[in-house]
Every structure is written in structure tokens, then in C-alpha cells.
């Protein structure tokens, strides 16, 4: 089988999920390439070396430009903080590399457009890693919708609730806390959490035409880990928005890191004329399905335990009743990417798809500031 | 409409549920009789008077014989402790009264047989108040089973778990605590709780052929409220049993008052070749239904919210989505009893039906003592 | 005990819930008045007579003015469609009657202000029947919040989802369908459903300072039952809004009658610094409570089965584990009203409290039309 | 780091779970050995080669004796059908290899005793793979019990319900269906499913003193895949048993492959004087915990989402809220085994521990046949 050399940039949480996918794929899927963990790259050399040793990368780099320049790298994976995606991805595209970039695509639509232009000009396979699309229950939701089971859609609602930044003592910036630093993250919950909700929504329910948002920063100042000073917090701690979809349905989205009791509660629900669907990341192996066409006496929300062999991706894993976890969604994503790449086909969400999510996010942030509806 | 004079004996918890049924029935159902609360009876005159005043009984008695002798009483309701059921019911039958008797029917099969003989000789309408049959979700379960949806039955399991007697300081006997006094109650959880489970099982799944039980009294001695002395506890604190049904299915039952965290968790589940059903008294308005004939991708346990107008009894109450409570099952029972009585039809569970439950309970207690299988 | 004569106007669904409260109160509570169902009133005489017969009203009226003029009426209950509340309530106030009026208070803030002025001028006890405040789990939520358990509040979210108007064949107007006729109802889901959510929110979380809403009418035309013609639908089929509370927290509300799978799913959740609370009308006897101060290894959402004797109102009903239903909330409301009236105290929500809910609803509708934030 | 060469026998479902553990361990844990997949062995050479290629085994064997004789094998893993465990394990012990053997330990107590004697004589690290002990929520349950939070234990109940053998068309024997062939499996649900329940119970609640069981074979004859003939089914399709534990608590266990609607529903619940615990394999990342010492108004079952870094094993994986799956329990097991082996310590469940489970299973099967209580 043809080998595909991987160079991964960024040694944080997402670096681990992407690396793990390479460790698991060959045993469970029949991808057309055998991926090789050729190079790990991080500006912090010590960190890169330790990460490389643990994950089995053959070489270590500290300058992404150098890594991208190497001929023995076929696929570049970008798992660095948001403010570096554009620069790295454009360089990788210009070098003709395949690219998998963590979400959100960029800091702005403007950056995103350049990235799209770059990958499309280069004609390289590209993917923005909105991994939740490939949780089997979510993929099943897409399948049920595509079969037309829901009929005309009336409502889409989603939220992504967390509670890890409630303490006023939590600093911002640096390492694990760059997500609180607006210069690095671009935004707060909008780019980090709502972006996931929006990506899924665009996929399941089509385009958004307009949005109206409310944003808030509950803790106005936090110590900055890098400067050591108490600085203004620039991110949105919470963001809600209403929207309208092209198909005439209404959307309602909310995200926050101040919802005590929720660790990573990403939920969505879609209500159609005939049927409805609900999903929840805290119990990701279940899909709730209601079908009004059931006989009235036995009509109710069905809790589908998405672990059978005929369900998306599940035939590759264990047996009915036995679950997979969060990390497996990245394995599915990688496999789909490789299968499509081998056939010259794009894998959604491409950079272009992710740009649409970026656009919605940007309008949401603007709407929050201007307190007005914004056309997408 | 014809009036029906009611004489109720016993002013405890069950006296309240039965009286409430008379207060609610006329506004929600169209029973063929207008019931009149003519007489309340309790050996404790003060209690009887207070209860009578609160619940609107027209007269008060302290001797049940006297009340039964009255010509202006048509229906006798027995809500006294278990050890008095037989005597009162037989007297009422001999006086030609209609009878509704709280469960369990009696202290023993021997007593129960005499009660059955008495009501059948007298030809009076008679009912043993196993009220859970008439919780709408349970009635719906019966309907689904009768429609043959489940196919061949393999398993029936039920339990009734409580936690209110765990403290060693709790005394036995007297008033609210007669249920812990074996002389008054006859048995512990078997007659109090398992009897409910068995009644439902016989109704939904047919007769039991043999049982094998394990019983235990965790707290061996408790102060007795009447004697004031610490006395041996004679009741079963916990009882489990395995059984076989006539239809070839296997049964598993458990009851205890030592299951920390459960207030009155009566649950049952029945597994058939094609479909299964589950119910739970803590969320009594929901029926869980699984049908294997559903398409595999959308197959799951359905949570049916039993509040629609086409569901058993629910058309009489409010609107879809709005629940009724525990007490309404007694209203349903009373209405069915009156409708059938007017037409000369029996209402299940009759004393004869309840005798079968008594028989299973008795074999269960014997099996627990002898540590051996018992034929029912 | 002092008698209190009741005159009730309107024989629909709400007429039943209010009448039922009078039938149940004396057996379960110790109110300072014995209420007497003295007169029922409906413009449809036949309906009034049948209703009066079933519910035990002593007399029948067809003109509310006549009924209000009667000296033997102490308490007027208004359960007619929304467009009649103001006129009747003002007349009742001027006649010096106590008043319980179904929600929403009125068609508009303007009407509501006149109603408030009338009852305050007359000094009569007055209550707007937002019954969900007195579901025990909701009352318990209020108690937990008042104890300060939640700390600083960050988020309040609520929705009220139904699915009964999805069919395009459903007509509008007349009898049971006046809720779809804007001239009679004033608005659609905003006044019918969101009003409940707002009332609870104002009670639990304090005042709202500004709102921004999105409204939609999915089915634009329906046959009108009274005119017999296909007419434009004037109500809002769905309404979402974002808001800010005086305490600095953010609110998100949604209501619709197009959420397939939900019958009457009123849910709310409130997230505080230390603890969070959730409730759901489909399982109304449960309160979900999360407390971050629990030890981390055993920290989780607690499902509190609100049926114990020490929980709000529950000591009056049955025993732990056994539920009450929807209708009992009206009994609680009536009892609180009578207790307070006897002591010369107001009972919340008074007309003045309900006016605040009306104001929020009106701003919400305006915001939906103008597509802009509105100050409340 | 020291290398440890692994030879694995058996290329079925369990061969995959064990192999996967070796693929994942190094990236997530810091085991004292680096395991090397040195040899795969299966009597079916083609199967062994394919499996070896997919899972990265360096060499292939078809005779387990030959593999065990190899000096370059340090750890033997046995994932073959039950009837081969004893022979292989004894040979491996005699060759001085470390051993991990799939459950159940053996076909009989007699076999098991020989296996225990062999490993203890040889002094080799040995483990019987009851993997569910190391699902984080189950490990957490053990921790809570060991802290004494539950107080005196009254009840232990567990069941393992499946529905995959209901069809009469399903054959027995050969490949994936050896679990239905009594000669190969030893028993049906008792050894396959109840063995898991018993292992967990002995671990969490201590020894069992006596059992009383009921067994059933619902489908009496099935075509045999190897002989091609319809043959009598020798396994138990369903098995329930009651038992008593040394600590005075009562046990109730049930397992079946005829519980329509359940794929692999392993649940257990333990009720103590102060607190109770529940767990369910269908939602394996949640532990239900009830503590009676909570304040009464906020007392309820807590749903603990076992994904935080301070919870057993979870600090090694992702972030709070994000789940792991079934397979990770084998990684935890392998890591514990290696850590202990390096320190010369046993890892539970050792063969001796598993022999106790075997003994309970054997008494259960005997009890089912003799219809009588059996001392363990």
C-alpha cells in the first residue's frame, strides 16, 4: 500500500487527537494509504521532542516552514492555535501538500478566503476538522435527514455549554489557556464552540441567511499568563444567536463557558413536519428520534443506541451495545479524507465549507457588537 | 341518576385514596351511579369524626358490624389493616353489599378462599383494589400485549423498592406502622409490595406455576408501639423470587424496604420475541416500548408520554402533555367497578383474581422459609 | 368556617382546572374559607348548564355583568378567552369582588394597566393564574434560589414546545381553536406559552431590561371556523427571544407549536456560579439540581423526586414516591390565594406582577416585528 | 525502556480488543515495558496471517505449543474459545510466561484449579481479563465503596441482558457462534455474561456463600455449523440466581440472550445503609450515586459523568465531558498488569480470583439443574 507521510504542527490537545487517528486507522479501516508519522513540529523544541517520542514521530521540527519545505511530507496537519492557521495552511498549499486544519478555519473571513484561494489554486485535498460530523450518531442524523424522513423543517436549535471558566482566578493566555486570549483565539465561545454547532447545522439544515446575536464577557479582566498583568478579557464568554435558514426554518443557538454543571454539552435538535431528531455529546452514542407517523399508542422519542454494525462507521469497531469514544470521530474523518483523496474527491467540510461557518461566526460577533440583525 | 351509598371502613392512607375517588369521579367520568359518602367507620371515634368531616361523610360509625347492618349502605369499602379484611368482607357479603377491599386480599389463602366463597355465594360485585392496573400506562401495556405485539414471551421481571425502614430506631406496630407488625400485616414486603407486582404479572402474563424465594429480615428486633417493648420483627424486610409462568416464560421479582434511594420504585419489564415493554412508578406517565420490527437504523426504546386523549382513561382528564397523578388510578378503578356493576359484570381483579395473587404470595413466603421450589 | 361564594366565567379547559381546585381543596388543605360553587357563567347557555351540572354549580348565568352584580358572589374567576379578561376583570373589581383571572392578563399592556388600576383602586384580592409557579418542583426551585444556593446567576433559558398545529388542515377560531385567532388571543405562542416562561423567569430571576425577538407564522392562511373562509393567520406560530436581566444574567427563550415530538414541553434552566437547576413539565415531579460544591468524584446532576412530605405542598397529598398531576397546581394556587386573602395579603402573581409579564410579551412581539432590541 | 514480547493466541473479537490495547497504551500511559507484538497464533493460518498483518504482529504461528516454546515470547495472551484456556495457560505457565487469559477462566472449577496451581507454581504474573472492572465508572464505584460511603450493604443486583439469539434460524457452533456450542463454551449466558456480573460483585461486595438458580434453554434445537445437523442446544439461554454474600447482603442476578431491546445491557446496583450506586454498560461513562446524607430538599440520584481528570484513568485521555469507549478498559487493564508485573505484584483478577468466579458459576449451573440451593 502506498505510504503517505504526515507532518503535524502543534503538540496540544488537538495534536493528540490527530495523532491518535493515525495510530488507530490501519487496524480498523482499509484506507488507500498507509500513513506514516514522519515529522512533528512545535516552536517549543522540548515539547515537540517529548510529543514525538510518545506518539512515534520519526523526526522533529521547530519551524513549520522548514517542515513544509521537506519533500518527504505529503500531508500537513495543523493543530496550532487559531491565529496561525492561515499562514501555515497557505504555505502548505503553496508547497502542494494535502492539508487537514483544525477548526475554526481562521481568525476571520478575510483570512479564510485567502486560505480557500490557496488550496483551490494548488488543487490540494483540504479538510477543516469539524470532527463531530463523524460521530456515528451525528452521521446517522444526516442520513435520516437526507432520506427525507423529517419533511419540511421548522426549527433547528443547538447549544454548546461548558462551565470551566467560571472562576475569576483563572488566568488567560499561554499554553492551555490561549482560548481565553482574543488575540490568539480570535473569539471566545463563538469560534471555539458555536463554530461546531454552526458547522453541523449548515451540513444538516443548509445555509443561514441572517443572524442576530447577544454576546457577553462575564469576567472583564483576568491575569495574562504571558504578560503577567491583569488585562481586559477580549473574548466572548457567552454568545446566543437567532437565525433564519434558507429552507425557511428558524435557528436558535447558544454557547457559554458559564453553564454550571455542563462539561461539554453540545446538543442539537431539529424539528420537521413528520419527525424530529436530537443528539447530545455527553451521551454521544445515542440518537433520539421521534416519528409522528408511528401509531399513536406507541409513539414516543426513540433512544437509538448507535452501536450496531449497520450504523455509520460502527461495523468497523466492536459489537452491538459496545461504545466507542470521542477520539474515534477523528479516525473516521481521517479515513474519509484518505479515501476521497485517493479518488481525487473533496472531503467535507473542505476549507470552502468551513469558510461558510467562519462567515456565520463573523456575522454573529458583529451582530453581538452592533445589536442588530446581520445578513450572512 | 341512581344514588349509591358508600360506607368506608378505615381512616388511614388508603381511606383517603378511596374517598378521593368519590370526590373526583362525577366531574370526569359518566358513571351509572352517583356515589354518596354516607358513612365513615373507624374504631377510633375521634379519628372517624375528623376524617368524616374532612371528606364529607354524612354519618360516623365505630363498629363495622353496625355499619354493614345499615340498609342505607350499598357499597362497603375496606381500607383497614390486612388482618381485618376477611372478617369484614365476609360480613359485608352476607349482608348483600357490593365490596371494594384494599389489597392484599387477606392474611392467607385460607382466609381468601372464605372471602371468595362468601362474595360468590352472595353474588355481590366485588373488587380487590390493586390500583396500579389502572395507571394509564399500565393499562396501555395490557392493551399492547393483548394485541399480540410482543409475540412469544420470554421474560417478566418486576421489582418494588423502597428505603423507609432502614433506620433501626423505627418502631413497629400501631397506626401508620402496622405494616411492620407481622400479626397485623401477615407479611412484610411480600404482601405489601410484591403483591402489586404479582397482580400485574398475572394480569399481563398469565398464571405462575412454581416459585422459589429468598427472604430476609435485616433488622431483627424493633420496639413495638403498642406493647412498648423491644420485640422480634416477624415480617420479611426483603423478598426475591424466581418463577415460571404457564406460558413458558421466566419471572424474576424483588422487593425490599432497604434499597436506599428508592421511594416507591415499582418497575416491570416484559420481553417478547418481537417487542418489549417497561414501566416505572416513579415516572408513571411514561411507557417504554421497544419494537424489533422497526427499521434497524431508527430502532430504539420509545418513551411514550401517556397523556393523549386516545390513551386509556386520558381522554377524561386534561390535554396532551399534562399529567395526572397516583390518586387518579383509584378514580379509574371506581368508575370501571360502577360501570360493570350496573351491567352485572365482574370487575377485575375480583376477589377470585386476588386469591390467585394471595396464593402466589403464600407459596413465596413458604419457599423463603423452606428454601425450596414450591408449586403454586 | 366562613363560606366564600364563587362565580366562574368560561366553561372551557381552564374552567375545568379552576373548578377542580374547588372540589379538591377542602380535603387536602385547611383554607380559611369554604368555597362554594355558586354560579357558572357562559354566553352559551346550554354549555353553561351542562358544565354547571357536572361541576356542581348551584346557579347558571349567561351574562357576566349579571353574575358580577349578584351580591351572593364573593370571588370571580375568569377563564374566558384573552380578549375578554380586561372588561370582565374591571367590572368585577368595580363590584368589589375578589378576582382570579387566567393568564395572560390581557391583550395588551394598555388593557393590563387599566386592570391593575381597577383592582388596586378597589383594593380587592387579585391573582393572575400562572399556575406553574405552584408545581412543587418549581416552588422548590424558587426556595433553593432564595436560599442563595446558586450564587451569581449567569444564564436563564426556557422553552415551551408543542406540536399540535402543524397540520395545514387545522382551522382557526371558535371554541377550542380561539388560540389561533389573533383577534381573540392577542398573540400566538407568546401570550399562550412564553407568558408562562416569562412569569416563572421574573419570579425566579428578577426583572428583564431588554429583549430581542424573532417571530414566525409558518402556516400563513387557515380556514376560519366562524367566518367559514380561508383567512390570514395573524398569530405567531413560533417566537424566540434573547434578553438581559437586571441581575446581569442572559436569557434565552423559545416557544413554538411546530416542534414535532413535544406535547407541552415547558423547560427552564438556570445556571449560577455555584449551582444550577433544571425543570421539565413532561416530568413535572422531578427537579434537576447540580451543585459544584459537591466533592468532585460524586458530583453530578441530581434528580430530585419531589414527592416527600417536606417538599413544597407535598405533605398535604400522598406518601414519598407517589406523584400528583398537573391539576394540583391549581389547588395550591387557590389555597395560597385564600390564605393570603384572609390575612389581607396579596398573592403573587398579582395583576401588577402579571402586567410586567404582559409588558415583556408586548416588547417581544414588537421586537419580532421591528427586528430590533427593545427596552422593557 | 525494557521491551516485552507478546504472543497472542486467537484471532476473534477478543484478539482484537487485546491487540488494540497494545496499540494504544504507549501513547496514553507510562507503562514500565514497551510491549512488542511479536507473534500471532491461530489454528487457521490464513486467518492468523490476515490478522497479523492488520495488527502488526511480526510473526505468525499456527500451533500454540510452538509459540509458547519460543524464547522471544514474554507474555502469552489467550483469547481462544473457553475449552482451550486451561491447556494453553498451563503450558504457558510451565514455560514461565506471563499470562493474560480471557474470561471465563475455564470450563470448570477442576480445570481452573489446575490453572491456578500451574501459574502459582511457576510464579508467573497472571490475569483473567474481566475488563469491566476497569471501566472508569466501575473503578470509581469500587473506590467509593472502599471509602466506606455506603455503610452496611443490604442488596446487590446485576443483570446482563442481550437479544441476539432470539431467531430460531441462528445456527450454533463454529467461528463467531461457538458461544452457543456447549462443548466449546462450557455454558451459555452463565459463563459468557453472568461471569462478568459475578466478577464485579465479588470485587465490590465480597464473597458469595450460597446460590439458588433457574436456567432455561428457550430454543431446544439448532443446526450445528460444523456437523451440519440439527442438534440439541446444550447451553443455558437464560439464567437467574439469588444468592447471599458473606457480608450479609442479598444478591439477585439475571442474564439472558432473549431480552428484546437490550444489546449488552450489563447493569449493577448496590444498596447500602447510607448510599447506593448504579451503573449501566449502555452508558458506561456515567455512574449513578445516591447519598441519603444529602440535605433532604436536594437529595436525588446523581448522574456523575465520569470524564474528569481526577477520575480513575481519565486523566490519561481527553478533557472533561469527552468520553472513551469500550476498548479503553483493556488498555487500563494492560497498563495495570504491566505496572504490577514490573514490581512483582499480582494484578486482580488473578487466576485465583477468577477461580472464585468460576466456582460461583459452577454452583449456579448445578443449582439450575438440581433446583436447589448450593453452598459455594
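Read from first to last, the chains carry the letters A, B, C and D; within each, the first residue is number 1.
Everything that follows uses one rule, which is that a contact is a pair of C-beta atoms (placed from the backbone, for glycine too) under 8 Å apart; a residue touches a chain by one contact, two chains touch by 3 or more.
Keep in mind the model is a prediction, meaning the values are calculated, not measured.
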item: Chain whose Cα centroid lies at the greatest distance from that of chain A; value: B
item: Of A-C and C-D, whichever chain pair has more C-beta contact pairs; value: A-C
item: Whole-Å gap between the CA centroids of chain A and chain C; value: 42
item: Geometric centre distance via CA averages, chain D-chain A, whole Å; value: 36
item: Between chain C and chain D, centroid-to-centroid distance (C-alpha), Å; value: 55
item: Residues of chain B whose C-beta touches two or more other chains; value: 286, 301, 305, 308
item: Footprint of chain D on chain B - complex, ascending; value: 154-155, 157, 161, 163, 166, 212-214, 216, 218, 238, 240-242, 244, 248, 250, 252, 254, 256, 258-261, 271-276, 290, 292, 301, 371-373
item: Chain D residues within the chain C interface of the complex; value: 140, 143-144, 149, 286-287, 289, 291, 294, 296-305, 308, 310-311
item: Parts of chain A lying in touch with chain D, wherever the complex brings them together; value: 13, 16-17, 19-20, 23-24, 26-27, 54-56, 162, 164, 262-265, 281-284, 286, 305, 307-308, 317-328
